[in-house]
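I've put the structures underneath this note.
What follows is chain A paired twice: with chain B in the first complex and chain C in the second.
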Partner chain A sequence: MPASSLNSEASRSKKTRSFRFSPSLSGYLFITPALMILGVFLGLPILYAIFLSFHKVEILGEMSYRFVHLRNFTRLVDDGRVWIALKNTAEYVAIVVPIQTFIALMLALVLNAQIRGKNLFRVVFFLPTITSSAVLTLIFMWIYNADGLLNHFLEGFGLPTYNWLGDPNIALKSIMIMNIWASAPFFMVIYLAALQDIPESLYEAAKIDGANGCDRFVNITLPLLKPVTFFIIVMGIIGTFQLFDQSYIFSGGSGGPNNSTLTVVLLIYQYAFKSLEMGYAAALALLLATAIVLATLVQRYLFKEDMPQ
Partner chain B sequence: MSKLYRLLCQWAIVLLLVLSLTACGSSLEEDVTTLTLSGWQSSPVEKQLLEQLLRDFEATHPHIKVRYEVITDQYSDVIKTRLIGDAAPDIFYLDTLEAPLLMHRGVLEPLDRYITPEFDLKDFQPAMLNAFKYKGKIYGLPKDFSTLALYYNTEFFQEAGLSEPPKTWGQLQEYSEALTRRRNRDRRIQRYGYGMVPELTRQAFMIRAFGGQFVDRKGFAAFAQPKALKGLAPVIEQYQQARTAGIPSDTGASNVSEMFGQGKAAMVLDGNWAIPYLQETFPRISFAIAPVPTINGKKGTMAFTVAYVMNKQSTHKEEAWELISYLTGKEGMKAWASGGLILPTRKSVLAELGYPNNPLYAPFVAGADYATLWQAGENLSLVTQNFNNQFLSALLGEQSLSEAMKKAQGTANQEIKASLY
Partner chain C sequence: MKRISGLKALLYGFLILYAIVTFIPFAWAMSASFKPLAEIVEGGMNFIPKNFTLENYQSIFTRERLFGRWLFNSAFVAVCVTGFNIVFNSMAGYALARIPFRGNRLVFGMILAVLMIPGQITLIPTFLILKSLGWLNTYQGLIVPSMVNATFIFMMRQFFVNFPKELEEAAALDGLNRWQTFWKVVMPLAKPALAAQAIFIFMGSWNNFFMPLIVVSSQDMFTLPLGLNTFKGQYISYWNYIMAASMVFTLPALAIYAFFNRYFVQGVTFTGNKG
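Moving on, here comes the complex of A and B:
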């Protein structure tokens, strides 16, 4: 960003356009293929989705579009299931993102310490991330089964057992636990890379000044990790807002029991492919996109002071 | 440079080889039409049976080849999406539930002009055939049907001193009490007297027992009327107060057949598709089958049927009809039904194979006369979705039945109305 703006200012001030323009032209030429691909596969679908959201679309049989002004959007407001989905998703984001970020940091700190068998632990911790989420969900469904591993385990310790899949009050939490377990290690790797970037000399200097481990962590590690934490929280929020496959497999596509695992993306899927209401589904998708953009902007604002300019 | 040249030469040779091979492949099948057929499979045995049938068809119709594809999950969504993308198979299974939508949208080929007098359309059970009629045209031929009947575990019955299956719903509740077994330690129930599915698909006939309806004439949900609630109340009561009924997820099973097979329910209502499943997967259990107990003195059960339909976009309609008429004709259906998996929709085949006299299948056949067919306009899947959602919450005791049903009906109807613009 800064480099290119400097360049263009320079070219304007010198007024020798033909000479200054050619390097930037070749630059544009180089990015044209990428721009075209992005345009076709990213830009056009977005424009088409916006177009769809203002239309009532008949898609099966005779294809037809009818302009309906803001009907799709006013319908969103009255649709009770949209609010349930938003509430579930918000709850999910609010619980999963902090916990998974915290666990990722803790795991990274453990692995960054000089402990024996570090490589083995790295592999073990990273395993959940490289497992396909569909397979993971199926395995967890066995574990969560009323007669499954988890309940037997809890029973063995005399703890209360739950109907992890069938009870509406528990079902979403079951998915949360599973997802935290699966995605924390991914962010752990990113933290690990950032931790190893922190120069040892800073710690040594702090040690000489008499800072204990806790001080060093709060005053050196955490501030230096801030940009990475921003990245991890933003990616976490985007990922959790888009929760689909786990709740889809858990509830067999219904979002049940009693709408407790209904998420916004699952609702979009239901309207688009079960009810074939493409226009309304597109409006919902725009709503989700707006929510994610807003959440990211809030993040940016909160982390602003420490962002590298 | 010479290295690069050699590399290019090698690639050119490989390319030529591939091209010549594929050319060979296509020249072999010049006048053979390939039909595509999609369906789901309820058991591996069923797939083998259908594949055998298709091989027989290919042998007698050498100019046609059939590519059979099983869609295992979310069948109707996949088919609808493929229909939209002009990538649907020539022939596919269609469930009664989805039939109104597809017939209405005009994506199916009407079959009337292909049907000859020799095909003997009158032989089909009229109720099953009517499910695939729209504006006087026939869009599908039902390949088989199923009704619900009462499966009961004879061993558990003996243990409890019961000799006969329950005849009325009141008896079923009494029997459930005797058959339920509770673990002493933590009061968790080890075996339920009655295992049930808390879904409209399985409960719709209960609604009908007191003169209620689940969907009204205009296609709106109507299951919160007092008459409908009367039919549903005993189910909730038995689950909550008596605690002698369970749902599959209570026991960690994924459906009632599994629950029954594992001995965690002594009685369940299930379709005839469960017979081969139980016999193969749980060979040690001994069970018998009886008609669904009467409710309010009336007989009732559910009927499900699936048809073969032809895609309007198909480019091989004549050949597609040859396959449909083979599969649903007297010979084909007899071969299809003699595997013992399914009940044929042709009355002559049903009688010929002796199903009405077979103790295992007789209750299912008898049920066809008074069953509630699982079909009610285009909105049924939406209505069902809302019903299932709230019925489960009423079952779990989060709200009263009438409250839950009013909410479900309200939401369903609001959604139907909201989609009309």
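Moving on, here comes the complex of A and C:
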């Protein structure tokens, strides 16, 4: 804001005596609570996290820090559990994101058609979105029980049953299924909104040119949805990267069975709050945050470039 | 003609199938919450309880003496967090959109930058800050760090940027100052945006598992998600109680959702993130 316009704004309000505070003062008054909270619980913590990641922190008794250079970061490389957590998280992202994006798109396309009872479907589809992850996880743990609903159901169709929670080869897949089920409808809403923004006239023009439904979908709908799809994929990656609640509750905080549900965030939690290695945990958190910020930046950049009109 | 109706049938089939897949876990949990344990252990796959009972609901409140307390903690924290967010985010958003103060652009830039910061990085420092303030295991520890949300400051700014200026000028002519204009003219007209904000903040706080997990360690300060988790540990095979407790936990969120349904969709499409 150039100084001249600030001044003219100030003198105008003085002249009319309508706003008794000067604009600057009232601006600060309005913004102060937000700035204070964001400063203390967001700005300060970011700097503090960077500081912590270079220190060995003693928090029992008198709090103390010992500068350890890059030792926390080099330790990350040699830490087998970090690699397991990264591998699990990567596998999780790679499977969940494409499937949930695809289902979300399918649901949105179908719901966008001339369908009766749209609202009823929407309400049902939303149920998982508004239910807490703690409740969803408990419900699924029960359904995944050895003699639970899912296995009975599979048996009924003569399909193989699984030890959904106890088998290290299956446990992470169980969380994936649950997560896809829970978040696909959420992304569906974003797709629906985008679909409704596509002007009907485009389709009509295409119809006149003799394009069939399939052509119209491939040549109009999909290209116009590209930015939203990209947005949804990046949001999905960021969300799945941060997987914690489900694996924590599923495994009772351990990441078991046999580290199969150990995720990066769960590992951060374990190091910070179970073994109280705050500095090391901060280094791991910094690594994760950097990855997420990079993903967001790439998304911001491409999303802006790729906006229609 | 026939092909079109076939397609329609296919679409409905797909939707109904997906609706069933979505609904079954809830129906199954709901049904278990009304069954006596014996019926659950028996392993029948009936969705309608044979021996319908309300005993599970009565029990969770009487057996687990802290359950009511957890419910209160969750509600109290969520209501406070929502109230503060509505006021502070709107004030900040309004200032950024409408008040030309020195540093306005800088603050806005900072808020945009902050939007990208994932919560995990602030987790450990926030814990240490709360610890040094002596706020672990307190309501202020659960409430104060969440009183402001950068996403919704941004959203409110966008909303106020498009807000008609004439109304404020009219209010100024009537002799109202900024503060009065904001509360008497601007905020009442911002209700749809406030509702979308309220529902997201409330749900986010109500369903939050991670923050309470690190801020709170004493059982009487637990919020429901934490309570539910220990409940599971304690009544490990009492799925009737666990499901009843889950239903009690889900109901308030459902009611609020039903009430603000319209704004919820607006909020989803605007923020594009859960909680």
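By definition in this document, the second predicted complex is superposed on the first by the 256 of 309 C-alpha atoms of A that agree within 3 Å, B and C clash if a C-alpha of one lies under 4 Å from a C-alpha of the other, contacts with A are read in each partner's own complex, and residues count from 1 in each chain.
Quick note on the criterion: a residue touches a chain if its C-beta (ideal position, glycine included) is under 8 Å from a C-beta of that chain, and two chains touch if they have at least 3 such contacts.
Bear in mind that the values here come from a model prediction, so they are computed numbers and not experimental data.
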Q: Applying the touch criterion given at the start, work out whether A:Asp78 contacts chain B, chain C, both or neither, answering first, second, both or neither.
A: first
| message | Looking at A:Thr221, would you say it contacts chain B, chain C, both, or neither? Reply first, second, both or neither. | response | neither
Practice item. Would you sort A:Ile59 into first (chain B), second (chain C), both or neither based on which partner it touches? Key: both
Open item on the list: Touch test for A:Leu42: chain B only (first), chain C only (second), both, or neither?
Closed with: second
Q: Could you tell me if A:Pro257 is touching chain B, chain C, both of them or neither one (first, second, both, neither)?
A: first
Q.
Going by the contact rule set out at the top, does A:Thr129 touch chain B (first), chain C (second), both, or neither?
A. second
After superposition on the shared chain, which partner residues are touched by A:Gln242: those of chain B (first), chain C (second), both, or neither?
second
Between chain B and chain C, the one with more contact residues on chain A is chain C
Scan A:Asn112 for contacts with chain B and chain C and give back first, second, both or neither. neither
Shared chain A footprint, chain B vs chain C, residue numbers 59, 147, 273
So, in the complex, the side of chain A touching chain B is made of residues 56, 59-62, 68, 71, 75, 78-81, 145-148, 155, 163, 165-168, 253-254, 256-259, 273-277, 280
So, in the complex, the side of chain A touching chain C is made of residues 1, 5-6, 9, 16, 18-21, 23-31, 33-35, 37-38, 40-46, 48-49, 52, 59, 63, 106-107, 110-111, 113, 115, 121, 123-136, 138-143, 147, 149, 152, 181, 183, 185-186, 189-190, 193, 231, 235, 238-239, 241-242, 244-245, 248-249, 252, 265, 268-269, 272-273, 278, 281-282, 285-286, 288-289, 292-293, 296-297, 300
So, in the complex, the side of chain C touching chain A is made of residues 11-12, 14-15, 18-19, 21-26, 28-29, 32, 43, 45, 87-89, 91-92, 94-96, 99-102, 104-105, 107, 110-111, 114, 116-129, 131-132, 144-145, 147-148, 150, 153, 172-173, 175-179, 181-182, 203, 206-207, 209-210, 213-214, 224-225, 228-229, 232-233, 239, 242-243, 246, 249-250, 253-254, 257, 261, 264-265, 268-269, 272-274
In the complex, the residues of chain B that touch chain A are 74, 77, 80-81, 83-84, 101-102, 105-107, 186, 247, 249-252, 381-382, 385, 388-390, 392-393, 396, 398, 411, 414-415, 418-419, 421
